[in-house]
Amino acid sequence: MAGQIKTIYFGSDNQSGAHPDVIAAIARCAEGRVPAYGDDLLTRNVEEQINDIFETECETFLVATGTAANALILSAMCPPWGAIYSHADAHIINDENTAPELFGGGSRQVGIQGAFGKPSIECIEAAIASAIDNGVHSAKPAAISLTNATECGTCLLPDELARYGELAAKHGLGLHVDGARFSNALISTGATPAELTWKSGVDALSFGATKNGVLAAEAVVFFNRRFSEDFEYRRKRAGHLWSKHQFLAAQFNAFLNNDLWLKNAAHANAQAQRLAEGLAKVPGVQLPWPVEANEVFPILPPGLAEALAAEGFDFYSWPSMPGMVRFVTSFNTDPADVSALLEHIHRLAPRFS
Amino acid sequence: MAGQIKTIYFGSDNQSGAHPDVIAAIARCAEGRVPAYGDDLLTRNVEEQINDIFETECETFLVATGTAANALILSAMCPPWGAIYSHADAHIINDENTAPELFGGGSRQVGIQGAFGKPSIECIEAAIASAIDNGVHSAKPAAISLTNATECGTCLLPDELARYGELAAKHGLGLHVDGARFSNALISTGATPAELTWKSGVDALSFGATKNGVLAAEAVVFFNRRFSEDFEYRRKRAGHLWSKHQFLAAQFNAFLNNDLWLKNAAHANAQAQRLAEGLAKVPGVQLPWPVEANEVFPILPPGLAEALAAEGFDFYSWPSMPGMVRFVTSFNTDPADVSALLEHIHRLAPRFS
Amino acid sequence: MAGQIKTIYFGSDNQSGAHPDVIAAIARCAEGRVPAYGDDLLTRNVEEQINDIFETECETFLVATGTAANALILSAMCPPWGAIYSHADAHIINDENTAPELFGGGSRQVGIQGAFGKPSIECIEAAIASAIDNGVHSAKPAAISLTNATECGTCLLPDELARYGELAAKHGLGLHVDGARFSNALISTGATPAELTWKSGVDALSFGATKNGVLAAEAVVFFNRRFSEDFEYRRKRAGHLWSKHQFLAAQFNAFLNNDLWLKNAAHANAQAQRLAEGLAKVPGVQLPWPVEANEVFPILPPGLAEALAAEGFDFYSWPSMPGMVRFVTSFNTDPADVSALLEHIHRLAPRFS
Amino acid sequence: MAGQIKTIYFGSDNQSGAHPDVIAAIARCAEGRVPAYGDDLLTRNVEEQINDIFETECETFLVATGTAANALILSAMCPPWGAIYSHADAHIINDENTAPELFGGGSRQVGIQGAFGKPSIECIEAAIASAIDNGVHSAKPAAISLTNATECGTCLLPDELARYGELAAKHGLGLHVDGARFSNALISTGATPAELTWKSGVDALSFGATKNGVLAAEAVVFFNRRFSEDFEYRRKRAGHLWSKHQFLAAQFNAFLNNDLWLKNAAHANAQAQRLAEGLAKVPGVQLPWPVEANEVFPILPPGLAEALAAEGFDFYSWPSMPGMVRFVTSFNTDPADVSALLEHIHRLAPRFS
């Protein structure tokens, strides 16, 4: 009977709930009374935590969604007649509707090809040169936006980031990182937060927490004050300044306390590795992209995805390649669920090869 | 010593924390795994609760802030070349930066005078007539926005609302109610939710919960489907669709369960009444506006406000009249704090008269 | 018979055609072939003419309409979350639909009261103070926009302008002048173009030609380069960069050659003076505003306006005061038409007093 | 000596001046006085001419630039969260900065590949399917925009247009044609205006005149009233409603009178044909795209372009293919200039092969 099949979620890390530490922090916060709109001590505390983590004075603003963080940062980097260069598969192009255009006042997104979710430096250069050549008739080059970990589940290393940083500096562009899975990239690369951002020329980071254990909280972190002026006005007019702002701060505070963010990401990455290693042993299954964070993109033999779905596994088919699917692990992925998934695949795969 | 003075908050209902029932609901929700982006059972459940409360089929969308709710609804009612008529003191004009203009694509807000926070019907009619007369050169009349409870702490009764409803219908305008304190208006007027909305011609409501006991949740409720088409696109591109949407739903669900919203509002209103009654007995204190919800706007004798502030009371001076201040009570205002405030005023007032 | 009545136009200076010198310039231009998009010698020539006239290096951009000039300049002065202060009767508020909001990305216009079309300095200061006090919740003060000649047909003198200039400088705001009738103001005040602009603190001028003898051409003139950066992008994306740009330049060139603009304005002003002097002698007719440019705003006895209209005179009733109408003279107003209008009024007035 | 070389323009049809008939019409118009803002008989007359030409009741609006026409039409077809599909080389994507995004409130342009400037039907279908599948996370399919004549100098025939029309109808999208060179397409295809537009499912046309003999005038022509509602508000708030609107109408009236538009286009096309035929005989010169309108895109042997430029010929190098250049003929291209160009190429080509 269909009703008896329990769903096992590998669809996205945003299908997970929230970590008990985060709930406890919210509960403590609920009892108090504090000034509204971010004028509270917990918010100050989070700002200091972030300064410490990144080893520099940052300008930090909390919002509830990654789309808000990304689109608001880009609006601060890019004039309404400007162009933003990112990978053609970037979340800001494909999965955030027209948020960058809305907050940007009609700016233009330019999708750039590149292997493993990393936009080709040469292609960005060519696009910039073409726009400059066409002058006022083209959108003016304004920003480069990367995703780390990328949409392919790979990670950008500091020296890779630095090459984008040099390109951005050369043309006076802003450099943004969509870090919805920044924690996972950090664990994967072993780099420091500073190395993965401002030391490599990154001007602003969407520092994600939602996918890694909180309810709804992301930090907009500016390393370059050229772009943060008046940002509080941008946030307010977008409806993203919470009146009870302490509840955003409480989430982020708990997220950063006791290395919770790093532990959560380490767990998610480890489960993805287990899954990848298990899949590598299944005949007929290919893994075209290296598994470096908490996402696994195997190409399954025809029919296998449907069979897994019928047995209660929830995951997405992925349009990048025929037969590709995506499994995502999270801070609270049960290792037993990974084992169960691998067992099912091992058992079912022979039928479809 | 300054450090020993405990702050007693009457500044705003958004300085309060959150109700334990709401925290408990969030905690339960944190343990589960559900589909993202609102495709979960708790969200469905809230939609049904709202249909029941309003005795009609509504189109409901949850967001985290009142500014988002208001500005997104108005963007759905008003084309970018349209005009929105509201009281000159309305929150959407004075306290939400340019959110209505951002989401509305550059629409125009027109402030209308009127007593007790209620925009004059005659003045709205005159403004509409003038705009129609000026044709394409003027912003096109598109929407009327009311606040209930109003920015003066008064409430609009069903028959008052119906007069705005008739005016809106006559000119084909949308009628919106900013219900940041809708619960308080409901308790105050004794009307049903249906009577305070669609039965009086209201097309859409910003149904506030944040000020009345939750962390951050407001319901956009459409009674007229003419305006709700594609609203889910509006919400998404504004960055206001939560990925872990169940956490918005959990808050609203707890808010509506067991009449929590009504109990909370009744408590806040009762404390405001106590405060108003106490103030009425203080020589030299005036109350120019009736106290009908959870806000009290006395005019204090010169110097008294400063003396109260010095003793730890937090409240706003109010620009509407010289000497006016605002005290706001909330779902968890301690009656002892109201007593303390009144005692201080009784004690201090004679010094300043 | 109705068909026999010839319309005599006093409705607006934009009802007039164009001066023969302008047509001749266009005809010459039509024969040639030049680079497109403003990269031509005639455009360079106009830029130099404007530098000469204003005795300083300006940044000049030609567009076809006053609405484009005003709204584009304001978009360069005011961020999308900014506020623009102008007289409540200003053309940018009342007659340009929501153009400032469109090009400004949703900025806010704030109407300020003041006698004779001049916004009260004290009221602007109060509005700025209130906005600053409310911080991120209010639109941020960004620009002051004046009209010279004003919407009341009066003119701002250099020392009056300088007071707005000081206020703007004090708060870091931009100062814009809508000069749709700048030529008329110049003739009226006897000041130099420099005195009526940058010497009094004006940052940018919409220098109108359309109402004063050309087809469709206005110069955006920046005296302060802080606001002109990237303006060519603003113009292009608004569709206001003509491909055959030389036809805008040809108009402006002819307009400025041989003092045509000054002669045209002097004629229009003189006819308005004649009309005003004649009206002053008519019992029952009032002139509440001084006639300083080419607009005359008498209050006529009830019934007289309708009687004049019935005899073929075209003019607007004016909403500022009961019984007020507006007569506008232009570069090619026939003095005989002014005489005819005065004769009719003298003849008809006794019937309506 | 450089100074002695006369420039011979083949850079663009917008480098040409204007036809004497158009100038004569403007001169006549300059003498009169008429109501402003399009409330004049000449404007009515143009509307009727367009109804006649297209054999249906159209909604017509005149503006001064093609960018305005295109972007305003697309804003009427596409909500701010919508996607517009056009050829990746389309003028609206590559040469109009971010005008569609500005007027569209942040809508998204999606570039589609396709041979000869014609976007692939299959690729559009795939893009639509992907967007629908991704729901609220993607921009919503809203419009298809074609160019006729295309950016490759080819023309779309009625049956080709009809296939796009069927696709648009199937998904409820608007179908727009950028007809900056619509006259040239008409001459080339031999189809009627109706066949090239509404009979093939086209909802709106940017009917260009500027490139074909007028100063600055384009007609926005709606065949489907679903998209034309409130368009006059769109035009006004964009600053594109001329006060002396009769000067736009005079241009268009002269353009359509006596088949001037068709004669002009026939001349331009014929000169392009002569040029193409001549080029076909030059060894080493390739013509990868058929020459169907007034643009010729040869691939020249390395060095030849520079040699031609050195002898005074003005034209663009074209980025589509290595070695490609673009020659454009116009209504007043002197046949002797075409002969001269061909002679130079014949003479110079052997040196570079």
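We call the chains A, B, C and D, going by the order they appear; numbering starts again at 1 in every chain.
Methods note: contacts are C-beta pairs under 8 Å (C-beta built on N, C-alpha and C of every residue); 3 or more make two chains touch, one makes a residue touch a chain.
Since the structure is predicted, the reported quantities are computational estimates derived from the model, not experimental observations.
The pair with more inter-chain C-beta contacts, choosing from B-C and A-C, is B-C. One copy, chain A, sits rotated relative to the other, chain D; on C-alpha atoms the angle is 180 degrees to the nearest 5. In this assembly, C is the chain whose CA centroid lies farthest from the centroid of chain A.
Between chain B and chain C the centroid-to-centroid distance comes to 42 Å (mean Cα coordinates, whole Å). A separation of 34 Å divides the Cα centre of chain A from that of chain B.
Centres computed as Cα averages put chain A at a distance of 51 Å from chain C. Residues of chain C in contact with at least two other chains: 37, 80-81, 96-98, 101-102, 105-106, 136-137, 233, 236-237, 241.
Residues of chain A touching chain D in their complex: 80-81, 94-98, 101-102, 104-109, 130, 134, 136-139, 319. Those residues of chain A that touch chain B in the complex are listed here as 7, 9, 11-12, 14-20, 22-23, 26-27, 29-37, 63-69, 71-72, 96-99, 101-103, 210-211, 215-216, 233, 236-244, 247, 314.
Of all residues in chain A, those touching chain C in their complex are 37, 79-81, 105-106, 136-137, 140, 230, 232-237, 241.
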